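Both complexes shown next keep chain A, but they swap its partner, so chain B is in the first and chain C is in the second.
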Partner chain A sequence: MNGYAGRILRVNLTTATITKEPTPPDLARDFIGGRGFGIYFLLKEVPKGADPLGPENKLIISSGPISGMMIPGGGKCDWTTKAPLTGGYASASMGGHFTAEMRYAGLDSIILEGISPKPVTLFIDNDRVELRDASDLWGKTTFVVEKQFKEKLGEEYQIATIGPGGENLVSYACINHDYGRQAGRGGVGAVMGSKKVKAIVIHGTKSIPVADMEAYRKAGMALFKACKEAEGLKDWTRYGTTIVVSWCDEVGALPTRNFSAGSFEGGKNLYGPVMREKIVITDKGCFGCPSPCGKYSRSKKYNSYVEGPEYETIGLIGSNLGIDDIEAVAQANRLCDDLGIDTISAGNAIGWAMECYQKGIFTKKDTDGLDLKFGNVEATFALIEKIARREGLGALLSEGIKRASQKVGKGSEKFAIHVKGMEQSGYATHNATAMLLAYMTCDVGAHHNRSWAITYDLQVGRELVVPEKVARIIWLQNFRPMFDVLGGCRLQWVELNIDRELYVPALEAITGIHRSWQDLEKVGERIWNLTRLFWLRENEDFGRQWDMPSPRFYEEAPKTGATKGQITKIEDVNRLLDMYYEQRGWTSDGLPTTETIENLGLKALTH
Partner chain B sequence: MPAILRPSGALRDLVGGQTEIEVESGQTVRAALAVVGIKPEVVALVVVNEEQRSKDYVIQDGDIIRVLAVIGGG
Partner chain C sequence: MRLYVDSTKCSGCNACRVACSLNLFGENNPKKSALVIEPHFPEPGLYTVKVCTQCGDCAKVCPTEAIKQDEKGAYYVDFAECNLCEACVPECPEGVMFVRAELSNSAWKCNLCGDCVSVCGTSALWIAEIETLTA
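Right after this comes the complex of A and B.
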């Protein structure tokens, strides 16, 4: 089958059974790859009510037809599972070189199921697939594990590994790869840890069949040419995602002290140029990337190295914790990566705990003696370690802030910044109604990668609540995640603004199937509805209430910064949802109607 | 001598597809953006003669000003 490696690897860890099955052509036709494959297998194979950390849950790793190909950004793979953080759908995207190696080893997907009786490494070298004892690696941090494998096997082997966070089943444990790339959100690392899989080591030398080699060469070159000629290439490469720190600060979108404001008085010390000058050593890209956004940094103060920090980490572990020292943020980033926990959720959890301390809900008795004032760097480092080890206050925070705030009560639920249990990523949304809706309706929880609309809010009027805004979010939700289906990176489109039509001939040359963006967006819409149905299947009370944002964005206007005194009214929050559900073809409680399911051809899959 | 404003990527859509626009010196970048029809707050990065500047930078004769926005998102 052109454009596909042709095999799906299934590893039953309970029985140590390894099998391969052909990639079904109708699966490739209907769901293409990546998170499309992920939701298909999740719905079909994980039984209703499965414990996210039990043997019935599965971890589904999928590449797409442009993964590992001569296409800009073809280095992404999707990790789908039932999320321990939220109890719903999780799909985490990971860059680096893992997905290319998967394809060269002849694999479109890897499905991990069951639970191993002892720690193991899944070792894959072309057709050789083995489960190897990893007892000696259990307890080790991610950088140590990756370095150990690279030194033993060679640089051409790609490694994905969990750290102590995943082993200890932290609800937002991540999976690390390439010394700084992660499948970050939803707790995919905890699922891997629950299965006692410490690492996946992969290497391959096969090739991917291509429908029209000459057309593929031409289409690939056209894409690279567009990237190389893009006006913004130089600046995006120089600063990566940190380019937006100063701008977010200016417009009131930079999360500050647990999202109580959107501008930070110490923000200037965290801006991209400051970081570039103070700590960045070099640029670092993923497979096939013409615009490497990764910044590899060295902190002299802490004598440590890290890939990053990128925007999200600066926002959540810098300004959101009141920390204005870029070296401290870099060191906290390194700790999270090494221990294997998501920086976005960790930053939120610590921010929430700091606010509890500020309000007197927590005293030193609750914080293991830590002086949890906003801006306390050493306390932040200590708490990161405690979360990953599930010690003291860290044990509570490791459950995620939805559960933690429900346990603590005393009004702390109101400043637990999450949607559906997933902590909000790095954009304050007090007065940015399109972006607020993007977070409310994102299919994994409050994450920005499905749709992003801060600039759009500013262009058309940030407080405006109109059907056009809602339509924009729906279009983005159908379109942007298609990069996660195709197995590629969206940032060439996002940052360099290259014409998305250039992908159409490339995909056709690879797979032999012509798909317009209109066709691709329809696939995106089908996947979006399936993820919604998964939430519904797994949560009996699922509906409108699950889409509500933190009250912070409709009850508490910031007292400082660019959005001082600004807020989204609760009536507008509900109007946004009303319009969204109507345009999606869902009920007023946010559930896909029978008619919508039938119109999208999903009836068979939902029975 | 006027300065040159170069909008990047999707910002060009806001100025009728122009890649270069002459702007008067002596005004801030913020003011110049408003004159050409770009809301200053949507611009994420200002680079003048290859140095990053704020939107309050006062334009000098002969400056080459690149402005960049994040349209597609994070």
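Right after this comes the complex of A and C.
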């Protein structure tokens, strides 16, 4: 099948059975790849009510038709599962070189099911697929594991591994790859850990067939040319995602002290140019990327190396914890990567704990003796380790802040910054209604990558609550995640502003199927509705209240910074939801109507 | 003319290697490319890139004269005449002469097509006249 490696690998870990099945042509036609394949298999194969960490849950790893191709950014891999963090849908996007290697090994998807009786590595070398004993690797950190495999097998092999966080089932454990790329959010690493899969090692030497070789090469070259000529290329490549730290600080979007404000008095020490000057040593790109956002750094102070920190980590582990030392943030980043926990959720969890300490809800008795003041770097390092090991206060925080705050009570639920149980990523949304709605309605919880709208808020009026703003969020949600379906990266479109129409002939030449962006957005809309139906299927009380943001954004205006005194009214929060549901064709409780399901051709899939 | 590289600008993305395999073989397969990217991670955290200098040492030892020179001065492998003897491989001072019988029934090397340069977003690669050292 043109544009596809052609096989789906299924590994039943309970019985150690390895099978391959052809990639179904109708699946490729209707869902294309990546997170499209993910939600299809999740809905079809994971039974209702499955324990996210039990044998019935599956971890579905998918490439897409531009993965591993001569298309800018063809290096994204989707990891879909039922999330241990939220009990709903998780789809984590991982960069690096893994997804390309899957395709060269002849695989479009890998489905892990069941639970292995002992730790294993899934070893794939072209058609050779084996489960190998990994007892000696269990307990080891991710850098150690990756280095061990690379030294033994060579650099052509790609490695994805969990750390102690995943082994210990931390509900926001991540999966690490290429010394610094992660499938980060929702607890995909805990699912891998629950299955006792320590690592996946993959190598392939196959070629990927395309429908029209000359047209593909021409379209691919046109895309690279556009990227290379883009005005923003130089600065973006120099600073990567850290390019926005200063802007966020200036407009009050930089999470500060557990999102109590959006500007940080020590923010200047975390800005992109400061980081570049102080610690960055190499630009590190994912597969096929002409505009590498990865900044590989060395902290002299801590004598350590890390990819990053990128914007989210600077926001959540820097300003959000009151830390203004970029080297300390880099070191905390390295600890999280080594231990295999998501920096965004970890930063939120520690920020929440620091606020509990500040408010006297926690005393040193609750913090294992740590002086958990905002800005305490050593306490942050210690707590990261405790979370990954599930020790002391870390055990509570490892459950995620929704559950942790419900257990602790005393009003701490109000400053647990999450939606649907997923901790909010790096944008403070006291007065940014489009971004707030994006977080409220994002299909994995409070994450930014589906619809990043913070600059749009500033362009059109941040407090504005109008149908056009809601329509923009819906359009972004249907469109942007299509890059996760195609197996590529959205950032060439977002940051280099290249014409998205350039992808259309490329995709057609690869797959032999013409799809306009209108067609692709329709696929995006179908997937969006299916993810919503998954949440509903797994949570009986699912509905409007699940879309509510943290009260911090409609009850507590920041006392400092650019958004001082600014807040979104609760009436506006509700108006945003009303308009959103109406435009989506959902009920006033936020559920897709029968008519919407039928119009999108999803009826057969929802039974 | 020859291909030049500044390894300090390489971000290891491998776009060059896919473009190369497409030109040489009409395949999406960086394992069949004529450039080598060696990542050195986690320490010291950099890439080393090896490219062909068009020195022609490979052509000198080829017993079947399969390595020929085109009008630009670039040495290329005439696939039809290569017998996979591997005599060329140890002669290459840069380690960019390839024989992998499981992947191709001919040796391969850089033919100076320039497609790698076209896709390199960080300008790590370029083609220029061969610099000759003068006393």
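Assume the second predicted complex is superposed on the first by the 607 of 607 C-alpha atoms of A that agree within 3 Å, B and C clash if a C-alpha of one lies under 4 Å from a C-alpha of the other, contacts with A are read in each partner's own complex, and residues count from 1 in each chain.
As a convention for this text, a residue touches a chain if its C-beta (ideal position, glycine included) is under 8 Å from a C-beta of that chain, and two chains touch if they have at least 3 such contacts.
Keep in mind it's a predicted model, so treat the numbers as computed, not measured.
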Overlay on chain A: chain C relative to chain B, clash or fit: fit
Most chain A residues touched (candidates chain B, chain C): C
Which of chain B and chain C A:Leu396 touches, first, second, both or neither: neither
Which superposed partner A:Ile387 touches (first chain B, second chain C, both, neither): neither
Touching partner for A:Ile281 - first (chain B), second (chain C), both, neither: second
Partner chain in contact with A:Cys174 - chain B first, chain C second, else both or neither: neither
First, second, both or neither for A:Lys228, with chain B first and chain C second: second
Gap in Å between nearest CA atoms once chain C and chain B share a frame through chain A: 17
Residue ranges of chain A touching chain C (in the complex, touch as defined): 68-70, 72, 75, 97, 100, 104, 143, 147, 155-156, 178-179, 205-208, 210, 213, 217, 220-221, 224-225, 227-228, 233, 237, 281-292, 294, 296, 298, 305
Touching residues (chain side chain B, partner chain A) in the complex: 6, 8-10, 39, 41-45, 47, 52, 66, 68-74
Parts of chain A lying in touch with chain B, wherever the complex brings them together: 230-232, 235, 239, 241, 243-244, 246-247, 250-251, 273, 311-312, 426-427, 448-449, 451-456, 458-459, 476, 480, 490, 493-497
Of all residues in chain C, those that touch chain A in their complex: 8-9, 11-15, 18-19, 21-22, 25-32, 38-39, 41-47, 102-103, 115, 118-122
